[in-house]
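Next come two complexes built around chain A: one with chain B, the other with chain C.
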Partner chain A sequence: MTTAQPTAAEAVYPTTTPPSVLLVIVDIHPLSWSLLASPPPAPPFPVNHAIDLAGASPMTLPDFVTILMVFLNAHLASRWGNEVVVYGATAGRAKLLYPPPPSAVAGPSKPRPNSYRPFQLLDSRIEEGLREMISEEEDRLQSGDTAKLNEPSAMVSALTKALCFINRIVPPSNNTSDITNPNEPLAPGGSGPDRPETRILVINATPGAHVSASSDGQTNGDADGNASAQPTQGNQQRGGYVGLMNCVFAAQKAKVPIDVLSLPPPTIDASPPIFLQQAAHLTEGVYWQWNGRGGLLQYLHAVYLPPASLRHRPFAVPPQDAVGFRAACFCHHKTLDIGFVCSVCLSIFCEPRPVCLMCKTRFPIKSLPTLKTLAANIQSIPIPDTVPPPIIPKGVTPNGPNSVDGTRKGRGAGKTGGGGGGGRGEPIEID
Partner chain B sequence: MPLDVNYAPGGSDEEEEDDEDILNDNRPGPSSRGGKGGSGAGGAAKPNGKGKDPGRHAWEAEYKASWDVVQEDESGSLESAVESLLARGRRKRALMSETPVRRSIIRHLFIILDLSESMNDKDYRPTRFEVILGYLRTYVVEWFDQNPLGQIGIIILRDRLSEVLVPMGGNPQEILSVLSDKRRLEPSGEPSLQNGLVMAKGGMSHLPSTSSLEVLIVFSAISTADPDGSTTIHTVLNDLVTSRIRTNIIALAGEIKICRQISERTGGKFGVALDQDHLKDLLWETIPPPATTVSSSAPTTMNVRSALAAGGKAGGGKAPVGDLMVMGFPIRLPLGGETLCACHGLLKKGGYLCPRCGSKLCDVPTDCEVCGLMVVSSPHLARSFWFLFPVANYGVLGVEDVMSVASSETCFGCDVEFPDVSTIDAGVAQVEDGVSPTGRYRCAKCRSDFCADCDLYIHDTLHTCPGCAQ
Partner chain C sequence: MVQPSFSHPKKDAPATTSSSPTAALDTFLDNQHQSYFEELYKSEAVCLCILRLLPPVCRQIILHYLWAHGTIRTTDVKQFLQKDIQAPLAEVDEVVRPALNRKILHPMVHKKNKMQWPLNDTFKRGLRNALTGLGTSNSFGVPYDRDPNDEVPTEEELIAYGEDTFELLHDSGLMTDPADPSGRSPNLVRLTITSKGFQFLLEDRQTQLWEILMYYLTAKEANSERSAETLSMFFSLGCMQLGQDYSASQSFPHAQNALNDLAQYGFIYKPSEESDQFFPTHLATALCSGDASATQSQTADEKRFLILETNYKIYAYTSNELEIAILNLFVDIRIRYPNLVVGKLDRKNVKAAMEKGISAYQIIAYLSSHAHPQMYSSPPPLLHPTIVDQLHLWDKERNRLKTEETVMFEFFSKELYDDTESEARANAALQLAVPGQKLLFIEPQTKPAITEFVKERQNLLRSGL
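Entry: the complex of A and B
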């Protein structure tokens, strides 16, 4: 993360910023929200007295949507020309909630005289959309389609949709013209006065340690079956990790920051959703985990309201946590600290194999036993607190002992995973 | 100034050749200082450039009337014709992308940029300097796209000194910001090839031998002014050969003996740019990893290391030998307090923790100084995953398909509304060159429909189907 050290040239505040388009992806997975609405009690032995004294306060979806609407209205109000796009992501499905399709524009039944009309449109449409989605979920539950309900939220699908949307409203600054006309200055940020700034805000409600319901056995067999299949068949079903990473790189290319707000407080979710955290880190977005103690609207405003061009000057972003650059293996979707990588196609496996599953390269059989012993001996050293947690007033910054603690726990799981055992679940895939 | 007195050819076998060079030397070079450059001869021998089909020049190309292609529609308007032409071009690009691609593991590249006065020559418009800078900026972006684990450093040569402009690093933005600062890069003086090469070699000495070490020299002058002393450019060349640093040289002015020698002995390529387009071709040729795809047994990729082990000869027709590498994925520390790093022993903020031994490393990818584990950041690996899980091409939906099957009204990607089917008249509505008359493209797997823009974006950039990701 390039924390902008203000140089002399940058010391001037920008006099004007382009209008910005905020794309919000709200995770409305019913199971996650039921967890959030009734959080488990705080651990009996708080790790850090200064921070962990209070338990998490419950947060229900209607409460949160109210907060979100205020935030979105604030975004609309902060500059003329600002726009909002909202996607809802629920179990295995993602949908555009706002703006409504042009054919369906009916507007609110009667305009209220005392409210700014765009606010009213936005609020009523989002509420309507959420109700639609939730009733569809109920229908699915009624019809006994419960297998899908256990899937994690379709974050990747929502992200791809958001990126497609950005690609439509802000066409890429034409790679072709850049190449054919090299003298054209490659403006970093690609910002003209009229070119809107876009950013994506992912509001995650699913705990990172959530075990995906897609059974391991099935995916495993799938991986083996895939070894015989053509790699061009486009197997995306394993691809929570791959898909998310692809989104990240596309966002990087389009210079769209992906901000992540993770709602499950540390009492629910000890390990942060590391892939979303990576996404935020790689796209220079802001990752922040709610501490579960209210104040969400203030946090949203303070952290996520300024557009990317104003993030570092004159505003500031909260200090970012340590980011674990761990990867998910292709064979069992485990999160790994130490993996075995095919030198030909760079696929990642959690255990030594004689043949690469993806490209079918045969590995030298001689090295297999040594690798196996190596795999058996992988013991992650607990990461020491190299950066002492800053002494901070209660609930001001997101990092601190909670995250370090989470990292440690995550590493334990990674270790068992690396050893080939069926360890406890880590954030296997986010989609 | 004795700018080439120091340039003493090392072996006697080379003296003869140098004599030949001097014979050629009375030709006027494009640079005003061309006169006595010891090996800078042949300056005017421009058509020596390699790598391009020499038989045909741009002005010999077949004459093609572009207006013959366009036809008016019934209302006499060209709009639809132009639109379909555009769509066809984009579609063609999208459909091409299923060919196998090679990939490198880890490449380290130093770009040595000649910033001598000759860069101000105006044979490229507006100047060589501007053209090169522009190309390099796109080059760096493209290079990082194709070489996810690579690192680039930039060395500049001017006033007979070499200077590390950008240390070896994996962040294209940093390089781009430096390259866009023209005031720092003002050309002046003469270049010293030897100094640049020594500096590049020194900058890569700590790197593991498993990675591919490369140098790309963009040389604009036709002479080099090297320091006096016992080491000559020939000893430096021998060092380069022993440390297996592949050196590609692109000359802007003309063929230079020592450059050709350096690149040939280190297994690189030497080229003289004929014009801007050729210059770009030469530059872009060095982007793909220096190995070629072979053999049907390896589906998409080729191990670069095995190619390197074969002595740096590109395209040694050997089946790739895979290898299972142990890699660690580090934890990036926040920019908190300063701690000692294991690689330099310096107090630094931030850094990465080796997942096996817990020592702090300054930068990844690297080999851990303590336990020797290869530490890479997983996004580096993930950058190439789309090769493994490509999105299958979308099918075209004709009018009948849309009419018969109930299909959605909006694009699944960007939620834009499709054109109404009923307004499309049957005459235009035939599927032609893969362009959908209805503007709809369907993923065969998830049965979702996409507009042409999203189709292109998904296949070119995103590499993930929004429907299949659900």
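Entry: the complex of A and C
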């Protein structure tokens, strides 16, 4: 410990940073982007006149991709050896957009005299990949495969692919070796100077917590009924929540921060995508929600550009809002305040069950009424809202009236006092 | 007491230089004026490369404010760096100092009690254009319009060409005595090498490249030519793609001569002398990549060929003429086979090399950086201490006499002499003491302190008597 701490602060700044690999997952779900392209008018923001002046700005996918390309170029520009990997996630599918697979030799377009060659390759390849994906979506629409089109974006699939990619470029043996000093991200010698640092940036465009865990509003809109839709959805979404959490824990272990940029402004959707927020929180990534008033290019540069080794020290990161640590139940995929946990396999259910649906463990039937009465007495702990809930104009809720969805949304907006309680904090063990 | 001023300034550090491969470039840029940078920043490639040369924290700050409308306010930077608003300005100033030196930021201005650094407009435009690809200066090179059927050299051929030409440059250009600049004869026997030249050979490739380029640039400046165009061309070359051909006349309309010179150094390959088409070799494209990993690792493996035994015998598994010539400087070569040279380190040859100004440190650095992988399998240290010590001893032998500045004190009182001697000795200020004649020789910079001590002591002694 040096005694001259404050004056020697500059000396602490790293003189070099390891090369950094940025894996971007872009949500290009067509329905979400149609919502973003025509946002409702922004509510007045009397606190800051300058912000109030900037009205709600529609954001179309081409506009956003342009911004994203500039941001990715800036990432490449900020150090030699920096790399970019881009995944596109759309309804039920995720695909690697950049770098192109080695088999497909991209016809080397002629270098342009005014753009740096790596930038040009990246930009043209992303554009090409997005066009391919969107035309594939159109094909699916024409072939009448609408059921799949209504699935939420395949974030889990994209995250899994991204983690596999990281695993390939950074062998996991190195990861386990420096588990002993987890709190030294700045130590340059600890993990070798040339070992690239990786981070994942999830750009979410889908409103609400639909990302994986709970049923999508659109899905339910045309489903022929909740009861009949449950079993099939259950299967696919179980993979959703559990898959997402598995990804998060894998990323946490590999020390890969997951940054989340949530595009739907509060006017479209008041409730943050809580599972992505949890992902960012658990992996020490940055979570930030766009306010729908433009300025995305500046925000991207300011918030998401510094590599992980420079975050917190010296650079400030935006503070996390209160994170809802609620979980989704395995039976109906509702987001829960109070859950019932199987003592054998730790599955979460929204109501006491005599037989665990996952591991088939039988619990004494007598305990069920006791549990129900006990659960009714529990006061869930309210999450303090660090950010005042935005005013939602009536009638702009994009999702159709739907029983499951409605209750969840109500909780997310903090309508009830008990909303947003820590479901995780109060596990009730049966038996 | 007088302690603080006694701290010994001369710590014989073995000159740990080569902090960054672009040190030569940095010193060159540090001496340039605003107008020079304005001209440089017209090229997007320069903006991109200069940005990458900044330290990471400073670089991120610049990128942070690149798309903002306003100027950079000190309070904002403090907040971004999580510093206290009241923190002294010097702390922030130190962080952005590199950007100020490169004239990316203008000096601070005060406006309505707010201190801010305006971003250089030329740089801002250049970097924005570099990121969006909307520039117009053709700084990333105009591709050559070639016949699709034309033969194009492969990347390997270009690399080989660059290596060969560069080594020829070593042979012919760098090893000559600088006193005789015309002696560009490739006759290896006549060549001599200076200390500087040997140090150059010890540097890694990128440092060498930038040193050559800066040497070239200062030579141009000496001829009172504008060097900004040429420097901007170096950066453009560094941003080019290996294996791609470019048009010389369109890419660098004002720097044709310099381009032709670079062709001689092996930075670019021209199919024929007056052709407009040129290919940058890996020497050029690796210029700006912070870690020229591909070429570096390749040469690093080739460099490891020396086995040094404790009996001073050297086995060098190489057929590279240049390396053999270098070895010949300080090794008595006994046997030469097609791929093996056997020699012995002996006093005569090593001292001959030292006469030329090559130090023992340099020889040791050369030996250890070229050590064969086999040498690493024996327990460390890599080079046997006997040999390292012997080299240092030979070096010392040469430097038996050393001149040092000193201050002489002459005393009449034995008591005063003894006191002063112990005081100087305690503070490591003493160079030599001659008790018989009551003479003290001390470090010059400690003179005021010693004088003061002597006076004080004198007064004390007198009053005591």
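Here are a few things to note about the model shown:
Quick note on the criterion: the second predicted complex is superposed on the first by the 299 of 431 C-alpha atoms of A that agree within 3 Å, B and C clash if a C-alpha of one lies under 4 Å from a C-alpha of the other, contacts with A are read in each partner's own complex, and residues count from 1 in each chain.
Everything below uses one rule, namely that a contact is a pair of C-beta atoms (placed from the backbone, for glycine too) under 8 Å apart; a residue touches a chain by one contact, two chains touch by 3 or more.
What you see is a predicted model, and the numbers here were worked out from it, not measured in a lab.
Touch criterion not met for A:W33: it reaches neither chain B nor chain C. By the touch criterion defined above, A:C164 lies against chain B but remains apart from chain C after alignment on the C-alpha atoms of chain A. Ranking chain B and chain C by residues of chain A touched puts B first. Within the superposed three-chain model, A:L305 lies in touch with chain C and out of touch with chain B [touch as defined at top].
Contacts of A:W290 after superposition on the shared chain: neither chain B nor chain C is touched. Legend: residue contacts after superposition of the two complexes on their common chain; A:R93 is shown touching chain B, with no touch to chain C. Judged by the touch definition given at the top, the superposed model places A:Y13 against chain C, while chain B stays out of reach.
The residues of chain A shared by its contacts with chain B and with chain C come to none at all. For chain A in complex with chain B, the residues that touch the partner chain are 1-3, 92-94, 96, 101-103, 154, 156-157, 160-161, 163-165, 167-168, 172, 178-179, 181-186, 188, 231-237, 239, 241-243, 245-250, 253-254, 278, 281-282, 319-327, 336-349, 352-353, 356, 358-364, 367-368, 371, 374, 378, 380-384, 386-388, 390, 399, 407, 411, 414, 431. Interface of chain C with chain A (complex): residues 44-45, 48, 51-52, 55-57, 59-60, 63-64, 66-68, 79-83, 87, 91, 94-95, 127, 129-143, 239-241, 244, 250-251, 288-291, 293.
Listed in rising order, the residues of chain A touching chain C in the complex are 6-7, 9-10, 13-17, 70, 73-74, 77-81, 110-117, 119-120, 123, 194, 297-298, 301-302, 305-307, 310, 313-316. Those residues of chain B lying in contact with chain A across their complex are 98, 103, 105, 126, 130-131, 134-135, 137-138, 141-142, 173, 176-177, 180, 280, 297-303, 305, 320-337, 339, 352-353, 355-358, 360, 364, 373, 377-379, 381-392, 409-417, 445, 453-454, 457-458, 461-470.
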